[in-house]
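What follows is a set of structures for review.
Here chain A shows up in two complexes: once beside chain B, once beside chain C.
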Partner chain A sequence: MFSQILLFKISDILDYNQQMLITLLITGIACAILGCFLVLRKLSMITDALAHSILLGIVLAFLITKDLNSPILFIGAGLFGIFTVFSIELLSSTRLVKSDDAVGIIFPLFFSLAVILISTFARNVHLDIDIVLMGQVIMIPLNNIEILGIIIPKAMFYMLLMLVANTLLISIFFKELKISTFDPEFATIAGFSSSLLFYALMTLSSFTAVSAFDAVGAILVIALFIGPAASAYLLTKDLKMMLLVSILFSVANTFIGFFLAMKINVSISGMIAAITGATLLLTVLFNKDGIITAIYLRHKNKKEFRHDLLIMHLGNHQTEPDAELELGFDTIKDHLHWDQDAIERRTTRLIDQGLVFRDQTRKIYRLTEKGQLRYNMIKIDYGM
Partner chain B sequence: MDLSILTSYTFLVVCFGTMILASVAGMIGAVTVLKGQSLIGDAIGHSSYPGVIIAFMIGMALDPVLLLIGATLSGTLAFVLVQFIDVNSKLNLDAILATVLSAFFGLGMVLKSYIQGHPIYVKVPQGGLQNYIFGQAAFIRLVDVQLIFVVAIPSIFLLILFYKEFKLFVFDEIYAKSIGLSPSMMYIIMVLMIMGVIATGLKFVGAILISSFLIVPAITAMQWSNRFNRVLLIAAGVGSFSSFIGTYLSSVYAGMSTGPSIILAMSCIAFLSMIIGPHGLIASKIRRREFLADN
Partner chain C sequence: MSQNIIVKVEDLTMAYNEKPVLWDNDVDIVENSRTAIIGPNGAGKSTLVKGILGLQKTLSGYVEVMGQPVKQVQKKIAYIPQSNSVNWDFPTTALDVVLMGRYVHLGWIKRPRKKDLEKAEQALQKIGMQDYKNRQISQLSGGQRQRVFIARAIAQDAEIYFMDEPLAGVDKNTEKVIIDFLKKSQSQGKTSIVIHHDLNTLAEYFDHLVILNKKIIDQGPMQTTLTKENLAQANLGGWLR
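Moving on to the complex of A and B:
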């Protein structure tokens, strides 16, 4: 009776869609902050391996516990993820294969075993491979557990737990993580174990992937880990900023993906993954060093150079005796080799800026006083 | 042991198909693995999925040829995108691969869920689409095997035709470039061959696991030889032998999908080779012992 009164339901304050959205947002942020370190350490494809192989962990744990909601399932699968990373590391340390190849051989094996086990032993159970790959965002609010008198969707609870754990690891060991990420040799000299931090990072990645798995599926886990971090990496030069920007990206991707998917009634996790890819592509195109930015800057520089050229031409000739010929309204185009349109456009622009004026008595373009100053500046700039 | 299955028509068709596919994949995979591009296949494999769905939406049927074209196009688009981002940003290749593969597969999921709920497509049977994720031997038709031939034979032909060029390209790209071989041309041929294997193999092995057809036999072969021609041949042999075992297992035991069974067989051979091969764990242990005894 007493516990009945204390019972607090998340569903009292959040409606169905809000519960889904907030769970997705928490998942995205928990993944993105770890993802930053994974991207910087060139471990992105490890998440691919993790996402596929923890399925085997889940199946094995399930075959032992026979209960899909058991916490042992969560722990077993998480430990199996660490085992996967360990196997990959072990395999590449034998130098028989390269580390990329080790990823490529370990996860298909584990995934194949999982698929076979599911279809032979766990057929009648609610352990659909489709759901594992694609998740069931729509089911999040239906699957509740009671924690300390609060009834909360299971996925939301686990993701909150992982968000707290990830945030704690990153904030407590920020300096160590930073040094071992950017300068592993120095980290070893400085006296802390890089491999311990590596496995700490991998442990959290594995458990985060396992918890996210249930709600959003294996494929979105990869997108959530790597996409926002990769976009943030292109935009920032500072680790703290990168963490912050990756969170912003993750939130934006989730919002856009969620509402778009709801609107046209399609797979939510698929849509978020696709949007994540799209925002990365946009970031690649439009960032400071991006290709579109480069084209724009080239165009802008060209324009500026032509304006400078016009000012130089005016400055060089306006005191000379041939000024009427060189700078005349109708003749200037022959000396600059521009067409009349371009002349009109560029002089108008400079007249608007107050650098040039039309000398109606001599029928030539001339520099104003401000233009004269600019002319001297340009001469210094170009070293003349 | 049920040996009567070995003579059944369905088994022979599927087995023949997967064996050809795996031996071609093994050879082409050896080129990509030696080139250090092993995970490209993984990304292309996942990325071919939306193409399959779009081809289904356009054709309104599970037409193998149309689906093959769809898979090829979206896989190629993904590859081009990966290369584009790689050239135009400072991102690492593996971060690009991870994002592109999940984005494409996510798009596939979106399209799949769209046609599931859409009244126009409800009437068209979609059961077969599921097989493009994991592969299912039971759904293999003769036309699928014929498609393997149509795609695999030109791929092998390309490999034989450009054998010398590939050898140079794999081991010494700079020298290859200096004698007038264009690396981008070689990359295009390589990707064409990878695409061929992936697109035809989807129905047998599925989008997620097809990449191991490229990687695992190649790695196995590299445990046994350092010579390019031998690696190619061993990879082909390992691929087709594993396919035979895997297809047999999947035909005998219900629930064992073809793809995962073949990969299980491949991986066992690979790990065995790493242990007993001439560069393997046992050999190096013996060598170390001999070295210590001599000193």
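Moving on to the complex of A and C:
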């Protein structure tokens, strides 16, 4: 009776869509902040392996507990993720296979074992392969648990738990994580065990992946870990800033993906993963060292350089006796080896800028006072 | 100069997959010396340093630094790794890397304080890098990166410096800065152990020498150790002008 009164339902304040969206946002942020360290440590592939292998952990734990909602499932699968990382590390430490290859051996092995087990023993349970890959965002509001008198979607609760845990780890051990990511050997000498921090990071990644598994599936988990962090890495110069920007990316991706998926009625997690890929692509193209930016700058520099060159030519020759030939309205093109069009275009531009004028009496182009100053600056710039 | 042994290595053997890289080595580093370690490629120079520092497993033997196991005196040891051993695209600034030198004294969880920041700034100043303190490390040249590492060691207030080829790929100016730093440190009573690759500058830059080729060929003061016979034995003979 008493507990009935105190019972508080998340669904009283949030509708289904809001519950889904908020759970996805929490998941995204929890993944993005860990993802920054995973990206900096070049552990993207291990994360991939981890996200797939925990399926075997889930299946094994399920075969023991026979209950998909058991907390043992959560713990078992999380531990299995760490076991996966440990196996990969062990295999690559033998130096018989490279680290990349170890990932490529372990994770298909575990994943396929899980698929075999599901199809043999758990055919009637809702552990389908497509759900494993893409999750079931739509089911988030339907699967509720009671925690301390609050009825909350299970996925939302577990993700909140992981967000808190991840935030705590990163804020308490920020200095240690930073130094062991940047320079593991120095960190070890300074007394911060690199392998301890590595496994702490991997443990939280594993449990975060397990928590997110139900809702968003293995593919989106990887996208959420790596995408926002990789985008933020391209844009920031400071680790704290990188964490912040990765959160912004994650939130934006989730919002855009969610509403777009709703609008055109497609898989929500698939759409968020696609948007994550798209924003990363845009960042690769348009960041300050990006491909498009580089092309634009190269083009712009080329243009600027031609204008500088013209100013140099005018400056060098306008006081010389051969100025009429070198700088003449009709003859300058022969000396610069440019066509008349280019001459017109470039001189017009420089005249508009007030750097050059047409000396109608001598029929030559000449520098204005401002142009003369520019000429002197160019000489200094190019070291002449 | 005192002849106290500050780093004592006894019967050290190290291996990769049971294949020994270093065989049963005894090394004595003299306190307050500038000691160079030389040897051909694959001689195990870096491995020796990593073994001394406890960064790699040893198969036999033990190491004493200042008469104690390495773990007890780690705060007093600064290690300057090969420049390419870290990710220079890491999102951080020169000052922040130097500040990491102070972490040694902070221990777990505690954050650097104002005093630590001041030490880091002073360290950058000492090697002429104060103008670059807010520069992102990816935008530093090879020489500047090496100086940042040196500044990190200065900020650490260490007694012993271990450096793995600090002069590899740096400009002449940086080379001079680093050597001046080693000489100045010596005058302050500190010891440096440096893996070096240029035999021509060896006698000028250092006063003690360890010649290594999987086994110790010879070690001791520069004048008596840098001999043609020793170099020939270490397969380094062809290098000397």
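Heads up, the rule we're going with is that the second predicted complex is superposed on the first by the 383 of 384 C-alpha atoms of A that agree within 3 Å, B and C clash if a C-alpha of one lies under 4 Å from a C-alpha of the other, contacts with A are read in each partner's own complex, and residues count from 1 in each chain.
Quick note on the criterion: a contact is a pair of C-beta atoms (placed from the backbone, for glycine too) under 8 Å apart; a residue touches a chain by one contact, two chains touch by 3 or more.
Treat the numbers as computed from the prediction; the structure is a model and nothing was measured.
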*Could you look at A:Lys263 and tell me whether it touches chain B, chain C, both or neither (first, second, both, neither)?*
neither
*When the two structures are overlaid on chain A, which partner does A:His337 contact: first (chain B), second (chain C), both, or neither?*
neither
*Can A:Ile179 be said to touch chain B (first), chain C (second), both, or neither?*
second
*Answer with first, second, both or neither: which of chain B and chain C does A:Tyr233 touch in the superposed model?*
both
*Would you check which partner chain A:Leu220 touches, where first means chain B only, second means chain C only, and both and neither mean what they say?*
first
_By the touch definition at the top of the document, which applies to A:Thr276: first (chain B), second (chain C), both, or neither?_
first
*Larger contact residue set on chain A - chain B or chain C*: B
*Which holds for A:Lys98: it touches chain B only (first), chain C only (second), both, or neither?*
first
*Of all the chain A residues, which ones make contact with chain B and with chain C?*
94, 233
*Mind pulling up the chain A residues that touch chain B in the complex?*
39, 42-45, 47-48, 52, 94, 96-98, 100-101, 103-105, 108-109, 111-113, 115-116, 119-120, 123, 129-130, 133-134, 219-220, 222-223, 225-227, 229-230, 233-234, 261, 264-267, 269-274, 276-278, 280-281, 284-285, 287, 289-291
*For the complex, which residues does chain A have touching chain C?*
40, 94-95, 172-173, 175-176, 178-179, 181-183, 185-186, 188-192, 233, 236-239, 241-242
*Can you list the chain B residues touching chain A in their complex?*
33, 36, 38-39, 41-42, 46, 81, 84-85, 88-92, 94-114, 117, 130, 133-134, 208-209, 211-212, 215-216, 219, 222-223, 253-257, 259-261, 263-264, 267, 270, 274, 279-281
*Which part of chain C faces chain A closely enough to touch in the complex?*
16-17, 50, 53-55, 74-75, 77, 79, 81, 85-87, 90-93, 97, 100, 103-104, 106-109, 111-112, 136, 152
